[in-house]
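Heads up, the next two complexes both have chain A, just with different partners, chain B and then chain C.
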Partner chain A sequence: MGRGYNTIAFDAAKCDGCGDCMTACATAKTGTEDKTRSRIQIVGSGDDGFELALCRQCGDPKCVTVCPAAALTKNAESGVIEWDAAKCVDCLLCTIGCAYAGIALDSGTGHVAKCDTCDGAPACVPACPHDALTYITTSRIYNEVGGWEDLFTPGLAGCQGCNTELLMRHTLRRVGPDTVLATPPGCVPGMGSVGFNGTTGTKVPVFHPLLTNTAAMLAGIKRQYKRVGREVNALAIAGDGGASDVGFQSLSGAAERNEQILFMVVDNEGYMNTGMQRSSCTPYGAWTSTTPIGRGSGGMPAQGKTQDAKNLPLIMVNHRCEYVATASTAYMEDFYDKLGKAIEASKRGFAYLHVYSPCTTGWRFPTDQNMEVARKAVETNFVTLWEYTPNEGLRLTRPVDDPMPVTEYLKAMGRFRHLSPDQISHIQGKVVENLAFVKQMIHRSSV
Partner chain B sequence: MTTATLETPNQTKPAKQKVILCEGNEAAALGVALARPDMVAVYPITPQSSLVEHVAKLIADGRMDADIVDAEGEHSVLSVLQGAALAGARTYTATCGPGLAFMFEPYFRTSGMRLPIVMSIVTRDGITPQSVWGGHQDAMTVREVGWVQVYCETVQEVLDTTIMAFKIAEHHDVMLPVNVCLDGNYLSYGTSRVELPDQAEVDAFMGVKDVNWHVALDPLRPMAVDPLTGGSGGKGPSTFVRYRKGQCRGMQNSLRVIEEVHEEWAQRFGRRFAPLVEDYRLDGADYAIMTLGSMTGAAKDAIDEARDAGKRVGLIKIKTFSPFPVDALLKSLEKIQALGVVDRSVGFRWNCGPMYQETMGVLYRLGRQVPSMSFIGGLAGADITVGHFHRVIEATEKLLTNPAPTEPAWLNERD
Partner chain C sequence: MEHTKYLVVGSSHAALEAVTAIRMHDADGSLTLLTRDAHLPYSPTVLPYVVSGRSAADDVFLRDETFFATNRVEFKRGSALKALHAARNAAELADGSEIAYEKLLLATGAAPAIPPIPGIDQVSYHVLRTLDDATKLHAAIKQSKQAVVLGAGLVGMHAAENLVKAGANVTIVEMAKQLTDGYFDPVAAQMIEKAFTDHGARILTGSRVVKLAPSAAFGTPGTTLTLENGTTLEADLLLVATGVKPNMDYLDDGGSGVEHDRGILVSDTMQTSVANVWAAGDCAQAKGFFTEAKVMNAILPDATEQGRIAGMAMAGDPGLKYYPGGVPLNTYHFFGRHAISVGSSKLPEGGEVLTRFDEASGRYLKAIFKDGRLLGIFGVNEFFDGGVMCQLILRRVDLSAVKERFMANPLAVGRELMSQLWR
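Now for the complex of A and B:
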């Protein structure tokens, strides 16, 4: 398993070229305020903007490759490219090898100098008055999760470009081996989680409940282990159809009884495994195989689903569960934070996670666009990311203050291709209304 | 032993028993408590309700150590128990009528997963016409789903059979769910003298619990439960076939196990019930009537009176309806020349009672012509009285000389 490393990120749109970062670096590294000796350099980009000249701490560092004296090495632990003064022969080949101007001659010492991230607390970052510099820590998830066992077997048969397999693997790694996993009929077992003809796709005990009784079966399992004093996680990875439609009664019943289970819904807005039929989570206007497009009758063309989606996570909030949250496959940090909280909450009572997961096959978009579609759903406020606990109420975890128009999301996929201007304005209106409703609930639950 | 007659108990030592007075629903609840299940899931429905109320009170009073789940419907009731059984729990519930219908999806699956869940059916007629009263239509409708189904005649038999049901279900040669059927209204609310077995003696009878040795959802021995089978060829269909065949073998094994468990019960507790088929005054009979459940008491009274009047009639009672006790019933049918079968439900397809329909198949195996006829009575709580049974006896007697009618006789049509 490779590693991911932290790095200093630069937002050119926020930089005004003030040079405070360079002053801070020079102060920290040379004891002077001589900006020319700073290891971070802000330079004009030629179009009235600014660019960054800084060591990227590359994974495949050219400076290291070209050094004839082995004075440059990559630290496998920190990821930082380290320079060894005792070995350096001052040939400056590294300054030619680097494409980012990340290593340069320090006139004050006569040797090359480069960023060492100040041992993980770079002085330049807090010095920036415009937040143009950030010390990015996304690789924390990559590094941490990479060390955990993948509890699904290799070779699950999801559609090309499907994010659900990624989501499942991440989830089960985090929940761990002391788990009983329920995967009701749908994409999750459809790609082989429970296996075929005597094989299994999972390294923990796994089963097909009925589409209708996932929460009830898990409740029975969890209660029996509790009765005999064993700590076992009861986890469901269910589709939106089995949760919002035919399985809703058992879901609601288990939530009302506050059964100690973690119920995760992977919402791809329809019965995608069965052939892309409409569920009550399918959004208004969407084409599905049971809400097709056609001439219609009586002058009324068939234009996709004619009702708005059921907002299942908000319904679960009204069960006053121990924890309820929405998440998106495009925002894994946010998801991990919520998954951790949901696991803890499920030791006390019912925890519910609703993850929006675009379906490349059923939503009709190219297989390399899954993350993009998931991100646009959030950035247009088509879906909102929030969490709820009984004590702290509802809060948005990733508010989008300046949303893109919903058309940016709709035009990214074929299932909305037929929409009329009236339908689009209905959807845009619902986006505004739904966000207002969530905000109303935030206000109410915080009172 | 394939048939039995009610005779003096031949117990080896006197069992320690307390005599109480209670209704059938309470007797079932007391039997459940004595069997010590880990988990009970309940949802109320008439005429089962007082049964689960008694169970809830036994647990609330600390007289029964079980987890109780007040589920939001029968579908979840059975689903909770499936999960619990897969985690190793001994489990119990009760339902009837529309509740059983709503439960059907997990009900079908319970036998396929070979989960030894015990469920009382406090039998109720099927709706519509709307009715909350007794009848066997609910249990009969699900007779082809792979559950063992036994019917009780008395309140005492309800209590004893409820305990025995757990031992039958969990026998390693069976591993199937068991329905203990008790007639709604007549047994559920009928109050009677009951001998209550001693807990320690029931514990000794039950032995060690071993519920999920064959299939489990347990992180200590991870497995995939119920992976997809099927397909048009290869390993899929053959896996499915072996599963189905195993279920059928378990059903047939249960016939032997039911007899063994009833025999052990008689030895330990001194009460002997016919496990599969009971012959009542069948020796020397030219013809017989056939019954199921609580109606048998009135039928036996009518047989006694008819015998006193010189009629050569006997009675055959079915206790184990699923699997249908073909061999045991053949032995009873060998003794007679004509047969009248009284059902408390209807078989819509054959225009007769379901038990009659099943029996016709056994009569075919007999290899000789036995004129027979279907009687349907006791629907929607109607009483089948001694008077009704005299009419059944008379009509059956006529089969010895006259052609058998093809239509069923409806007993409560005008009373």
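Now for the complex of A and C:
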């Protein structure tokens, strides 16, 4: 199994070229404030703002292959390309190998120098006053989880670029083999959780309830296991349609009875599996096959969905569940943190996890853009990431202080392509209103 | 007969890159790496530093046995390819045994070219290409009082500097009009020459040795050299560094049918004229970036590039991209200064050459452009990112609008241009 590595990420849009990162690096690495000796170099990139010349700790590093002295090696544990001063012969061939200016001559020493990520605590990152640099440590999760048993079949029939496979594999790995899984009709069984030809698609017991009775059936199964004295995790992975529409009655009932189950909703904002029909979670203005775009009738042109989405997770908060949270696959550390808390809470009572899941096919965006769309949903405040417990109330886990305009999100996909300026301002207004509402809940629930 | 899916001959840069590329795509196919050298893989480029003592001879290896074990590579050292029987996919080794291959890579590199000077077979001399050569020269340097280096290419110049630093009287004899011909232009060569003469070396450019004879002047076996103009030189140490020639005798010995000219002729995927046989590195003659004609570009970065392409082609990796053509790339350190050359040094018709020279600081920069595109850039004591420059050349980036700024600060402007291509 390959390893994931931590990395320094750069957001060019936030950089104003102040150079504080370079000063911090030069100070840490050379004891001077000479920016030319910094191993991170902010370069003016014409009219396009700024870019970064920095070692990318490549997977197949060219500098390593052209070094005649074996002075450069990629550390398989940390992923950092390490430079051995004792072996280096100052030939500069590595600087000819690197197309990113990631290893260069340090005029102060006469040797080459490159970023070593300061042993996992890069000095440049906290020095940036604009948060343009982040040290991404999500790889920790992948490395850890990669070692656990994958409880899904190797092949899943998902659409290209869908993030639900990621969710299914991660969640089941994390929940572990002592689990009973309920997957009501939707994309998850469509991808193969319920199996083919009489075999299941998972290595844990899985069943396929009706859309309407998922929470009720799962609660019953959990109770039966408890009665015979066996501790199991009862997990549902359901779509937003199955949870917020016809499945809502049993979901609300199980939450109200505080059944000890974990109910996870993969919210792709519609019935995508059956041909992209609208659900009560479909947002205002969105195209679906049942909220089409066209001439309409009675003089009213059809312009996508005309109602706003139901905010299911906030409704679940009103059940005073043991745990309620929203999450996004663009923020896996946040998701993992919440998944762990939800599993713990489900041993005491009802836990609800709502994961926003962009749908490549139904939302109409390129298959390589899933994480980007998920990230933009958060960074525009179109969705908010928060968690709730009865004791601590509601809190934002990833507050976005300086949100991008919602158009950045809308533009990223085809289902909003037809929007009129009025519709856009309606949506922008809803974003503001929803956030204000969440903030009120934060205020009210903090006792 | 032993059988292997992939047979890679040679254990230096081109061969090792091919092994990595093959294993990226085919984790299991049997792979044999064969080399005539007795040591673990090392780079010829590091040898000047073994000669000077800066690198320890047992600390320069590029791979160890663990690497071969984990990558399931059968590593056979001290075993030379003697003849290639390509018609029946078999390689005959020096000990007479044969290995049957499905795909073969010839990455046998080059060896010193020994000039046919009368008397050369009567005298003892050093060359520098293998680790054993380097250890011998390292020991000899300490004893030498009066050394002569034949050839002022980079190998000769490196060794000459080591000899100077070890305290010998050194004379460099070079046939061409200038030092480091083909690597650096006359201005840079002049700076290099001055650094050497300032340190007491004697440089005889435009000089040809016409005769060599054993000399008893030093007690140890020495050499008397006679130059074309009649002068004689005495040497207790003679280093012959007059160029290299590819190792490819095995092609003819086996009647392989593999086409070769100055080197083994290869296509844009490093395939030779014969089925199932590839060649890469110093032994190969491939397309040049600046000429369609096939050239010898015997440098380390190109050996790795060609090795990688050959390995991908052999393994059938669909990610394979065609060889863009060889670009000359060189770096050279001398007496604490550095020189970098990237690209073509020839001024084409309609081309333009810009230079900047600051005598006081010894900083020199020269760049050649055609139609706003960079063809070559050369610097002494002027650092720029060779890798970035190479990309600007390969991608034919238009520099017309920034030429002046580029000449003033190639480091910053190179990065600025390149950063737009990174996105």
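For the reader, a short list of remarks on this structure follows.
Simple rule for what comes next: the second predicted complex is superposed on the first by the 315 of 447 C-alpha atoms of A that agree within 3 Å, B and C clash if a C-alpha of one lies under 4 Å from a C-alpha of the other, contacts with A are read in each partner's own complex, and residues count from 1 in each chain.
Keep in mind that, in the parts below, a residue touches a chain if its C-beta (ideal position, glycine included) is under 8 Å from a C-beta of that chain, and two chains touch if they have at least 3 such contacts.
All values derive from a computational prediction rather than experimental measurement.
Once the two complexes are overlaid on the shared chain, A:M413 sits clear of chain B and of chain C alike.
Set against each other, chain B and chain C touch different numbers of residues in chain A, with B touching more. Once the two complexes are laid over each other on the shared chain, residue contacts for A:P68 go to chain C alone; chain B is not touched.
By the document's definition of touching, neither partner reaches A:C21: not chain B, not chain C.
By the document's definition of touching, of the two partners only chain B reaches A:Y225; chain C does not.
Of the two partner chains, chain C is the only one touched by A:E51; chain B is not. In the overlay built on the shared chain, the residue A:A101 is in contact with chain C alone; chain B does not reach it. Applying the stated contact rule after C-alpha superposition, one finds that A:V89 touches chain C and leaves chain B untouched.
Residues of chain C touching chain A in their complex: 13, 16-17, 20, 24, 43-46, 49, 54-55, 59-62, 300-301, 304, 308, 329, 331, 333, 336, 338, 340, 342, 383, 385-388, 390-391, 412, 414-416, 418-420, 422-423. The part of chain A that touches chain C in the complex is made up of residues 41, 43-46, 48, 51-53, 60, 62, 65-66, 68-70, 87, 89-93, 95-101, 104-105, 107, 110.
Listing the residues of chain A that touch chain B in their complex gives 177-180, 189, 194-210, 212-213, 215-225, 227-228, 232, 249-250, 252-254, 256-257.
Interface of chain B with chain A (complex): residues 38-39, 41, 67, 69-73, 75-77, 79-89, 91, 105-106, 109, 216-219, 221-229, 231, 234-236, 239.
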